[in-house]
Amino acid sequence: MSEPLLDVRHVDKSFGGLRAIADVSLSVHQGEIVALIGPNGAGKTTLFATVAGFLKPDAGAIGFFGHDILGSTPDRICALGLVRTFQIVQPFAGLTVRQNIAVGAHLRHAGRREALELADSVGRRLGMAALLDRPAIGLTVAARKRLELARALATEPRLLLLDEVMAGLNPTEIDEIVAMIRAIRDEGVTVLLIEHVMQAVMSLAERIYVLNNGALIAEGTPAAIAANSAVVDAYLGHGAAGKLQAKQVRHA
Amino acid sequence: MMPSLRLSGQRALWAMAGVAIIGVVLPLLLRSDFWLNFAIMVLFFTVLGQAWNILGGYGGQFSFGHAAFFGTGAYVTAVLQVKFGINPWLGFVLAGIGGGLVGAAIGFLSFRYGLRGSYFALVTLAFAEVLRILANAAAFTGGGVGTLIPLKQTAANFQFVDKTGFYFVIFALMLIGLLLAYWLENSRFGARLMAIRENEDAARALGVNAFAIKLGAISLSGALAGLAGAFYAQYFLYLDPRLAYGPGISVEALLVPIIGGMGTIFGPLLGATVLHVVGEIARKVMGDAVGLNLALYGMVLVAMVLFLPNGIAGLARRQRLKPKEERL
Amino acid sequence: MLEFSILLPALLNGLTIGAVYALVALGLTLIYGVLHIINFAHGSMLMLALYGVFFLHALFGIDPYVSLLIVPPALFVLGYALQRGVIGRASHGKDENILLVTLGLAIVMDNLALYFWKADTRTIDTPYGFDTVDLGIATIAVPKAVAFVAALLICCALWLLMARTDLCKAIRALAKERQGAQLVGINVPHLFAMSFGIGAACVGAAACLLLPSFYVAPDVGQVFVLIAFTVVVLGGMGSFAGALIGGMIIGVTESIGGLFLGESLGQLGIFVIFIAVLLFRPTGLLGHRA
C-alpha cells in the first residue's frame, strides 16, 4: 500500500485537565472517503482543528502529503492542500456568496477575475447559482453549510475535512450533499468527514473511525462497524446496531 | 455572467473620475480663502480617514491611535527640515515611509501576540501616548514648546504663496487614497483583508496568512497617515506633541469613515465633508466657543453607532443589497 | 545613591494614590466583569464627579468627605441612565461599537466641561488640606492618608457587598451565564445598568477622596482613563483583587518613576506596563479569562 495522504500518529491534546484527544492514530489514503464518528464531545472537532493547524497538539506527529505539518500554521497547511470546514459555520457575513467563495479561490489564483470566475463555477456546481450575489448573512442553514463546502472546495484541495456539513439539513438536502461529496471525490479530492447522519456515513464512507472520549475505539468498513454491535450500542445508543444493519442491507 | 462586483467596480471608477474632474475645477470656483481652506481641510481629513479606513474599515482592526502614524510623519518632515535642512518634498516621502514603519512596528507587536478588538484599540492608543510623551521630552522635537518650520514660500520648498498649491497636493493625496481603496475592493490582498474583518479563523482556514495581511494593512494605513501628517506640518508650519500625537487626530481619523461608511471607497470623503459642514454650521450658529465643536462630534459619533452603524454610505447600500433579508 | 528618606515618602505617596487608582479601576473592572464592555468614558465620569465635588464645595461649602453621601449616588444615577439609554443599545453585535460609543460619550463630556467650565485648573481649600500625620518613619498629608484608608475600606465594602447581597449574587450569576440568567427571569438590562451604576458610583467616591489633594480640569479624565485601564489589564479584567494590587503597583511605579525620570517621563512607565501586559499577558496577573 502506498504512503497515506494524511497520517496522524499518536496525537494527544488536552484542555486543562480534560484529555480531548488521547493517543489517536489514523490515516487517510488518496482517493478515499473516510468517516470519523462518535458521540458529541468525543473530540472529533478538536482532532480536525489540530490537524488543520488551529490547535497545537501536546504530543504526536501529523504527516500530510509527505510533509510534517505538526506545528505548522493553518494557512500553510491549507496551501499544501488540506482544508477544513467548521461545524459551526463561519461565513464572511458582510460579503456576498461569490465573494465568500472567492476568498478560497484566491489561494491558487492571484487575479481577482480568475478567482471570481472560479468562485462562480464552484458555486454553480454546488447549486448556489441563484445565491451568488446575496450577502452571506441572509442565507438559510442549508445554504450556509453549502457555502462552507464551496469555499473549502475553491481552494482546490487534495484533502477535504468536512465537519458535520449535514447537520440541520432535511432529507432531500442531505441526499443532494451526499451526491456532491461523491462527485467531489470522483474528481480526485480525498474526503475525511465527521458526520452524525448515519445513513449518509454508511453510504459514503469506505472506512470509518470511531472516536469516544478522545480515544479511537474501532476502525473498519461500514459493514464491520455496523456489525460491531458492542461499538454501536455503547457509543451510538442502545438499539442503534440493529437500525444500522437494516440500512446497510438496503444500501448493499 | 460577469459578477456584479465588476459592475460596481466600474461604477466606482466613473465616480472617481467625476470626483477628479470636480476636484480640478473646484479651486476655480472657490474664490475666497475661507472656502479654499475649508476644502483643503475636508480633503486633509479625507486622507486621514481613508488611512484609518484601510485598516479599520476594510480590515476590521479599530485603531484609537492613528496619531502615532500621523505625528511621526509630521515630525519626520519638520525635524529633517529644521535640523538637517532636508527638502520637505523628500521629507514628505520619508514621512510616508516613517508612518508605514511605525505602523509595521505596532502591527508586528499587536498582531504577533494576537491582540484583537477592543484590546487592539487600547494598545494603539497607548502607543500614541508613549510617542507623545517621548516627543514632549526629546530635545530634537523642540519638546513641549513645539517646532516652527521657517517660512519660505516656494513650491520647491513645499510652501505655497497661493493656497491652491496646497489644495492640489492634498487633492492628489486624496485621489491616491481613493485608488488604494478601489484596489482593496478589487484585489486578492483586499479580499483577504475583508475576509479577516468578517471572520479571521475562517479566513485562516482558507489559506489566508492573517498576520501578514494585517501587517500589510497597518503599514499601508500608517504610510498614508504619515503623508497626511507631513502635509499638515507644511500647511501650518507648526507642530507640538499634542497636535501631532494627541488624541484629537486619532478621534477624527476614525470619526470620518464611521460617519461616511467604513469599508467603502467614498465613505471617508463623504464623512469628512458632512463632518466639516456640520462643524462649520455649528460654529456659525453657536459661535466659536472652545469645546462645542468637539462635543458635537462626540454626539455625532454616538448617534452614528446607535442608529447608523454602517455610516451614511450604508444607508444606500442596505437598500440596494438587502431587499428582503432582515439584519440578524 | 538614593536616600531612603526620599524613596520612602515617594513609596507612601505611590501607595496612597494607588488606592484611589484601585477604586477607579474597581468600577471599571466591575463593569467589565459583568457587562464585558470596556468603558472608555470612565475617566470622563470621574472628571464630572470631580466637578460635582468642586461645585458642592465652592457653592454650598460642602466638605468633600460629606459629598461622599451625594456624589456617588448621583454618579450611580448617571451610570444607570447611560447604560440603559445609550450604551446598552449600541453594540449591534460588536464589542468595538460599545468602545466607540463610550469614546463618543467621553468626547462629549470632556468638551462640554471645557465649554461650560473652561480649561482652568481648579482646586479647593480645606482646613485640613496641608495637615500632615507623622507615621514615625515619614510624614504624609492628611487628605492622602484619608484617601488611602477610605479607598481601601470602600473596596473591601464593595467586595463584601458583591459576595453577600442578593442583587450582587444575581449580577455575578449574570456575569457567568447570561442566557441562563435571562431564562430564569432576571431582568438583564436592569441588572446591567445596576452594575454600570455601581461602577460609576465607585468613580464618584474616588472623586470625593481625590479632590482635597488633587485638582480638576476638563481633560483630567483622559489622564485617568488610561491609568485605570492599565490597572485593570495589569490586575486582570474582572478581577477585584487584581484591581487593588494593580492600583498599588501603578501608583508606586508612577511615583518612583517620577522621582527618577521627572514627572512627564514618569508616566511613560505606566504606558510601557500597559502595552507590555496587553501584549504578553493579556489575562493580567490575576485574570481568569483566556
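Order of writing sets the chain letters: A, B and C. Residues in each chain are counted from 1.
Heads up, the rule we're going with is that a residue touches a chain if its C-beta (ideal position, glycine included) is under 8 Å from a C-beta of that chain, and two chains touch if they have at least 3 such contacts.
Keep in mind that what you see is a predicted model, and the values were worked out from it rather than measured.
Trainee: Suppose every chain is reduced to the average of its Cα atoms; which one is closest to the average of all protein Cα atoms?
Mentor: B
Trainee: Of all chains present, which has the mean Cα position farthest from that of chain B?
Mentor: Between chain B and the rest, the longest centre separation is with A.
Trainee: Quick check: how many Å separate the C-alpha centres of chain B and chain C?
Mentor: Roughly 32 Å separates the two chain centres.
Trainee: Using CA atom averages as chain centres, what separation in Å is found between chain A and chain C?
Mentor: The mean C-alpha positions of chain A and chain C differ by 50 Å.
Trainee: How far is the middle of chain A from the middle of chain B, if each middle is the mean of its Cα atoms, in Å?
Mentor: Centre separation, chain A to chain B: 43 Å.
Trainee: Which parts of chain B, given as residue numbers and ranges, touch two or more other chains?
Mentor: Correct list: 328.
Trainee: Can you list every residue of chain C that touches 2 or more other chains, as numbers and ranges?
Mentor: None at all.
Trainee: Once bound in the complex, which stretches of chain B touch chain C?
Mentor: Touch list, chain B to chain C: 62, 64, 109-110, 113, 115, 117-119, 121-123, 125-127, 129-130, 133-134, 136-137, 247, 251, 254, 258, 289-295, 297-302, 305-306, 309, 328.
Trainee: Hey, which residues of chain B end up touching chain A in the complex?
Mentor: Answer in residue numbers: 1, 3-6, 186-188, 191-192, 194-195, 197-199, 201-210, 263, 321-322, 324-328.
Trainee: Okay, in this complex, where on chain C does chain B touch?
Mentor: These residues of chain C touch chain B: 38, 86, 89-90, 92-93, 95-97, 99-101, 103-115, 118-119, 218, 222, 226, 229, 233, 262, 264-265, 267-268, 271-272, 274-275, 278-280, 282.
Trainee: For the complex, which residues does chain A have touching chain B?
Mentor: 52, 54, 73-76, 78-79, 83-86, 90-96, 98-99, 102-104, 106-107, 109-112, 115-116, 120, 132-135, 137-138, 151-152, 154-155
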